[in-house]
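Here is the structure we will look at.
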Amino acid sequence: MSSYEIFVIVFIMALVMVLGGSVIGLLLSPKSENAQKGEQYESGIPTRGTSWMQFKVGYYLIAILFLMFDVEAVLLFPWAVIMKGLGAEGLYAVSFFLVVLILGLAYAWRKGALEWK
Amino acid sequence: MEDIKKLLAKVAPGKEVAEGTQYPTIELEPNEVRAVAKKLKEAGFDYLINLTGVDYTDALGTVYHISSSTNKTAVVVLKTKTADREEPVLYTVSDIWKSADLYEREVYDFFGIRFIDHPDMRRIFLRGDWKGFPFRKDYNEVNDTPTTNVNIDSLETLPSITLDKEGKIIEKSKQLFGNNEYVVNFGPQHPATHGVLHLRVSLDGEIVKKVDPNFGYIHRGIEKMCESLTYPQILPYTERLDYLSGSINRHAFCMCVEKAAGIEVPQRAQYIRCIFDELTRVASHLLGWGCMAMDMGAITAFIYGMRDREKIMDIFEENAGGRLMPAYSIIGGLTKDVVPNFQQTVSDFVAYMRESIKEYHTLFTGNPIATGRMHNVGWLTKETAVALGTTGPTGRASGWSNDVRKLAPYAAYDKVKFNEVLRNTDTCKGDSFDRYIIRLDEVLESLNIIEQLNDNLPTDGVNVKVPAIVKLPEGEYYQRAESARGDFGVYIKSDGNKNPYRVKFRSPCMTLISALDPLCKGEKIADLITIGASLDYVIPCADR
Amino acid sequence: MSLELIDGINKIHTLLTDNIEATWVSLIEYVLVGLGFLTLYALIALFLIIFERKICAYFQCRLGPNRVGPWGIFQVIADMVKILTKEIIPLKHNDKLLYYAAPFIVIMGSLLTFGGLQFAEGVYGVDFNVGVFYLLAVSSISIIGVMLAGWSSNNKYSLIGAMRSGAQVISFELSACLSMMAIVILGGSMNLSALMAAQEDAWFIFQSPFTWVALVIYLIAAHAETNRGPFDLPEAESELTAGYHVEYSGITFGFFYVAEYCNLFINAAIGTLVFLGGWQALHIPGCEGFNAVMDAIPSYIWMFGKTLVLIFLSLWVRWTFPRLRIDQLLHLEWKIMLPFSLANILLMAIWVIYFK
Amino acid sequence: MEVKNLRVKSMNHVTFNDNEYLEQYVEELKKGGVNVAIGCLDDCINWGRSHSVWPLTFATACCGIEFMCVGAARTDFARFGWEVTRNSPRQSDVVFVAGTIVNKMAPVLKRLYDQMAEPKYVIAMGGCAISGGPFKNSYNVVKGVNEIIPVDVYVPGCPPRPNAVLYGMLQMERKIKLEGFFKLPKKPAITPEEKVWAERLAKEEEARKAAKGIK
Amino acid sequence: MKKYFTDIFSGIWNLLKGMKITGKVLVSPAVTECYPEKRDELQPKERFRAELTMPHNENNEHKCTACGICAMNCPNQTITVNKSKITDENGKSKIVLDQYLYDLGSCIFCGLCSRVCPQGAIEFTNNFEHAVYTRSKLIKQLNKPGSKKVEVAKPVAPAAKPASAPAQQEKEAAPKQENENNQ
């Protein structure tokens, strides 16, 4: 196997698996009709209103923080690979970078951004 | 007793205290009730034990059993009735005693009595479109079983009535939830509602804004059925109220009938009944502990709890012949004597259980995730607990001493030394953790009681002669007992026949459920489940 | 054996190239490789399901499945047959396209990660120079499926479940990423084969004390990413009944079920490869006899054995602890694991520069 | 498959109750003629289905506690592969009606049953579910769940002990093993009541669409 | 700061202690009783009530006099006693039992019927395997076909339940109760 074809193969295989399974399921399974079958399940009680409505999500801040740290992590990876070559100097440079990052975390912590509200 | 009579003469001047009753009783006109109730409350009677609706055939009325959180043994009974059967109205006391809220809804549901100024006069147990009021003696409507209409709309509006200046009734109604609220149904079929409780929860993200508990998904009308059954026939139904403390309920009913009929039960039977009560309590708390763990996601802990509970079931099965429903107490004693190796089995179990409790503490109590989820969640202050009438371990976790075994000892409880397990109110305010830990402590205390009783088992018989047809003299009887969930009460009104005229069971669970909304406000969904589990209610007990 | 396997594959390859046109050869080979992957994927899921059910039963002093086949080993086959023949319910009021795409994305995410693993010496689908990076990236694709499933069902429970899973997975993604970075610093490469080679003499956990910290952080984070308890908030049986897949029935639910177990394997396998030496045998420098004995054990046994140990650890945790609440979860990630892993990177870098 | 050839591990054919029902069922199946290939496939699928019965967690009262006991360590229905209790009706195969069904609960149970995926089964556990049991004289209790949904196995007891429930589940295993899988789909006719419900749903749907249009 | 670290480490320590408990269970034997495999050993305890029966002796005779007290005492009409009046050869009319029907599907196993039976003709046994496919199968006829009342036991010896005091005196009161019902 040379290289990147694997993704195509895996993609196709996932498709095969899901489609194949679903087709078998659809073909074999017995079916029945009734008025309530397609309704939403909510402990046996009809849903009040729709589920797709404005909904307060507490993780909005978390998502932004994640974005920040994830981008930094991506930036750190190349350094990690060649760290041995860069030696102590590289470490100092990066630790400056990391300290800024940690300060950011401390700030968010202090401001209560890490609490679930 | 004399002090209370004096007090009653003060709060209700000119009213006669009825003679020959179990508790000091006064009868009031409907419009006097609120004034007397307020004065009683000021005099320290802050705990409404029970509110019973009664159909006197010529009138409809209510009976209030009131006690106090300070003067714990005192009980006062108020009665009132209205002769209007077409449009009966009474005055609410739900603003004086918060626990009256649900009781009055129940009276409305059963008898059709509406309470003036009660904020929420929805039917509580029966469907919104139910025809008639089943507990009236002249009820003969036929309601068929629907299979499709879930009838959710009737839950949305809160009707209420109020009086205008001329004394005319004005109907009002209020919406329960706003149109854009995110309302999620938890239950009736839900793993964490401990039965078929239906909670309508208004959410703001993860935060609970409002909880509206709906009852009646297991309302079987036991009390109504009792009116056409003889006393021995009622016994199996008492076990099916709160099936986790079945023996205790049955014991309470037996005691009530025995006291009324003047039957003296042999000591041995009393002792064995108490051992069974305590075993039931241990079993119930084990299940409660397990379910709480399972609701918090620790399924293994639940299985361990059930594993040890099976040992109690074995004792029940061997002696009484039933597992969950032992059916051991009968009027006048027990069905059979215990098996010869009973004492040995019980003492083995006590020793085993003491070790197990230690294991539970290491497995679950010490777990930082569990403690983190229980600490500082769902604070129930002592005042709220008394106002809501949340008795039992829940009340005691808030520092309210309300153990019926202590304050009105029955059966053999005055012959054993035990402590009422209370959580220190200085260090904790009755959060979920207190309600959790108090159950395990109570198990240890129960084991103490069992050990003492088991070691000193008297040898007189286990039952006495009772007439084949038990008839109670005319009158009203009330018996309290400490079930695994709190103050269980049996109210029997007899007219001298072999069937009772009215039976009411004071369910400790109903008040526990009413605590859900105040406790959960502002907490998270996960806390809703933890708080519900820590209250440890049993829905069939609340619904009856 | 793995080397013989490679030989065998090479022989088939030459056999095919001798007889058929080159394009057809590669096509056939692709199909064969794909089918191989799929079979392995399904087999691992099936094995893990029964493994978990048995182990969980033993933790709970029960016996677990034991009536279908010897020791109940055919239990999962029965489950599979059952789930294949269950009805797939046509829902009303849902977003049809996303609803049916969600299981596909979940499966694809875990299959892609699966493709990046090394199962034995020389047995792997692809060998990148950014292998670790690739694994990290594709393993988080599944979460999109989970969120789509929760949203498209138009069900309140599943929506809350999806929201929670979003918050949870993106948080723990970070720790997983940073703990891997410590290893990249130590190994000096992101290529899995290079990392394997670096562990020939001693696994990474024996090379530096800070690898242990990284390993613990990685295991917690990986466990959280599989949405299994104590981190099963998106499913939260007792709160949201079944969470994000509450509306899925039949085989569509089965896909989530299978993917969950495969993700369990994948996370343990990544942990094994990166921290525990992957398919490398246990070597003690200077102890030739011992090393020879260890070398005699085939590499795939090392790989799967170590993976199973990690999976067992994960099961042990799952069946002991209660579920975390969402704020505890964030506390754990942002206030404990993230500072620790940041500090760990620095310390690891210092260790590598000054002590190695 | 003949009833006699039905194998349940460590239980004998004659120890089971109500074999007449199964024999009659087999007779009816045979009337339509037996295709060997389909029969064989039937057996394979039924083998799988009968060993993987996932119950819905549905408990209303006392029987629910005994049902928990069945799942706990002493009896452990995991041995049969039935321990995967699903909380969502979509993923479960059998609903144990454990406890009393009252008037208010009946529509909920019906809705849950309707929402379950085919093939689905019902076990009435305990007196209340079978006939209303202790409460059959009550004004609010459904006198047997078979008035609402079709019941496959009745497990009497009040409540039945855990082993009795296992026995009931083995009975169901036998029933599933005999079924003609490809003849299964039984579409219950839509009752007039359901029509009312369907109309209401349609109205809601319209309202929903209208609301979307405004946005 | 110190609290932060002590919290973390005490937390981890407590988690490990919990894992030790489950680990201990993992290696100790399971408590599961294998029901169908060990069916013979797993009979319930003797007193367990699982089914009402009417014991018959070897001559196919039972003790029931068809008085109907059991049916009267049953809280939910589980028992139906069908009886008929026949005239025997001596010209005496007597009541005989035609059918003793027992609805297992609604029995609540309270034991009231067997306790009040003046003859000790019915008793609970502990056979619990009753699951069926059809509801009508749960209605059982307890008197075997062709059976009749045992004749010798005229003065009923309370051998079946000697110790039970209420049973005895309820026996005495039994005819009275019946009369009351007839009025």
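As written, the chain order gives the labels A, B, C, D and E, with residue 1 at the start of each chain.
We adopt the following convention: a residue touches a chain if its C-beta (ideal position, glycine included) is under 8 Å from a C-beta of that chain, and two chains touch if they have at least 3 such contacts.
Bear in mind the structure is a predicted one, so any value in this text is a computation, not a measurement.
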Intersection of the contact lists for subunit A and subunit D: B, C
Chains contacting each of subunit C and subunit E, listed by label: B, D
Farthest chain relative to subunit E (centres taken as mean CA coordinates): A
Top chain pair, ranked by how many C-beta pairs fall in contact: A-C
Centroid distance [mean C-alpha coordinates] between subunit E and subunit B, Å: 30
Whole-Å gap separating subunit C and subunit D, where each centre is the average of the chain's CA atoms: 36
Interchain centroid distance [CA atoms averaged], subunit A/subunit E, Å: 59
Chain centre separation (subunit B, subunit D; CA means) in Å: 34
Residues within subunit D bordering two or more other chains: 9, 45, 73-74, 76, 79, 87-88, 90, 108, 110-112, 115, 117-119, 134-135, 137, 158, 161, 181, 194, 197, 208
Touching two or more other chains - residues of subunit C: 57, 59-63, 85-89, 92-93, 156-157, 163, 237, 241, 246-247, 250, 319-321, 326-327
Overlap residues in subunit A, where contacts from two or more other chains coincide: 28-32, 35-37, 39, 41-47, 50, 55, 57-58, 116
Inter-chain touch pairs (all): A-B, A-C, A-D, B-C, B-D, B-E, C-D, C-E, D-E
Subunit A residues within the subunit D interface of the complex: 28-37, 39, 41, 43-46, 50
Subunit D - residues contacting subunit C, complex: 9, 44-45, 47-53, 73, 76, 78-81, 83-84, 86-88, 90-91, 93, 115, 117-119, 181, 205, 208
Residue ranges of subunit C in contact with subunit A within the complex: 29-30, 33-35, 37-38, 84-93, 100, 103-104, 107-108, 111-112, 114-115, 125-126, 133, 153-157, 159, 163, 166-167, 170-171, 173-174, 177-178, 181, 184-185, 188-190, 241, 246-247, 250-252, 254-255, 326-327, 330-331, 334-335, 338-339, 342, 345-346, 349-350, 352-354
Parts of subunit D lying in touch with subunit A, wherever the complex brings them together: 45, 88-90, 108-112, 114-115, 117-119, 181, 184-188, 190, 194-195, 197-198, 201, 208
Complex contacts: residues of subunit B adjacent to subunit D: 125-127, 130, 134, 139, 143, 145-151, 188-191, 195-196, 216-222, 224-225, 228, 236-237, 240, 243-244, 287, 302-304, 306-307, 309-310, 313, 323-325, 539-540
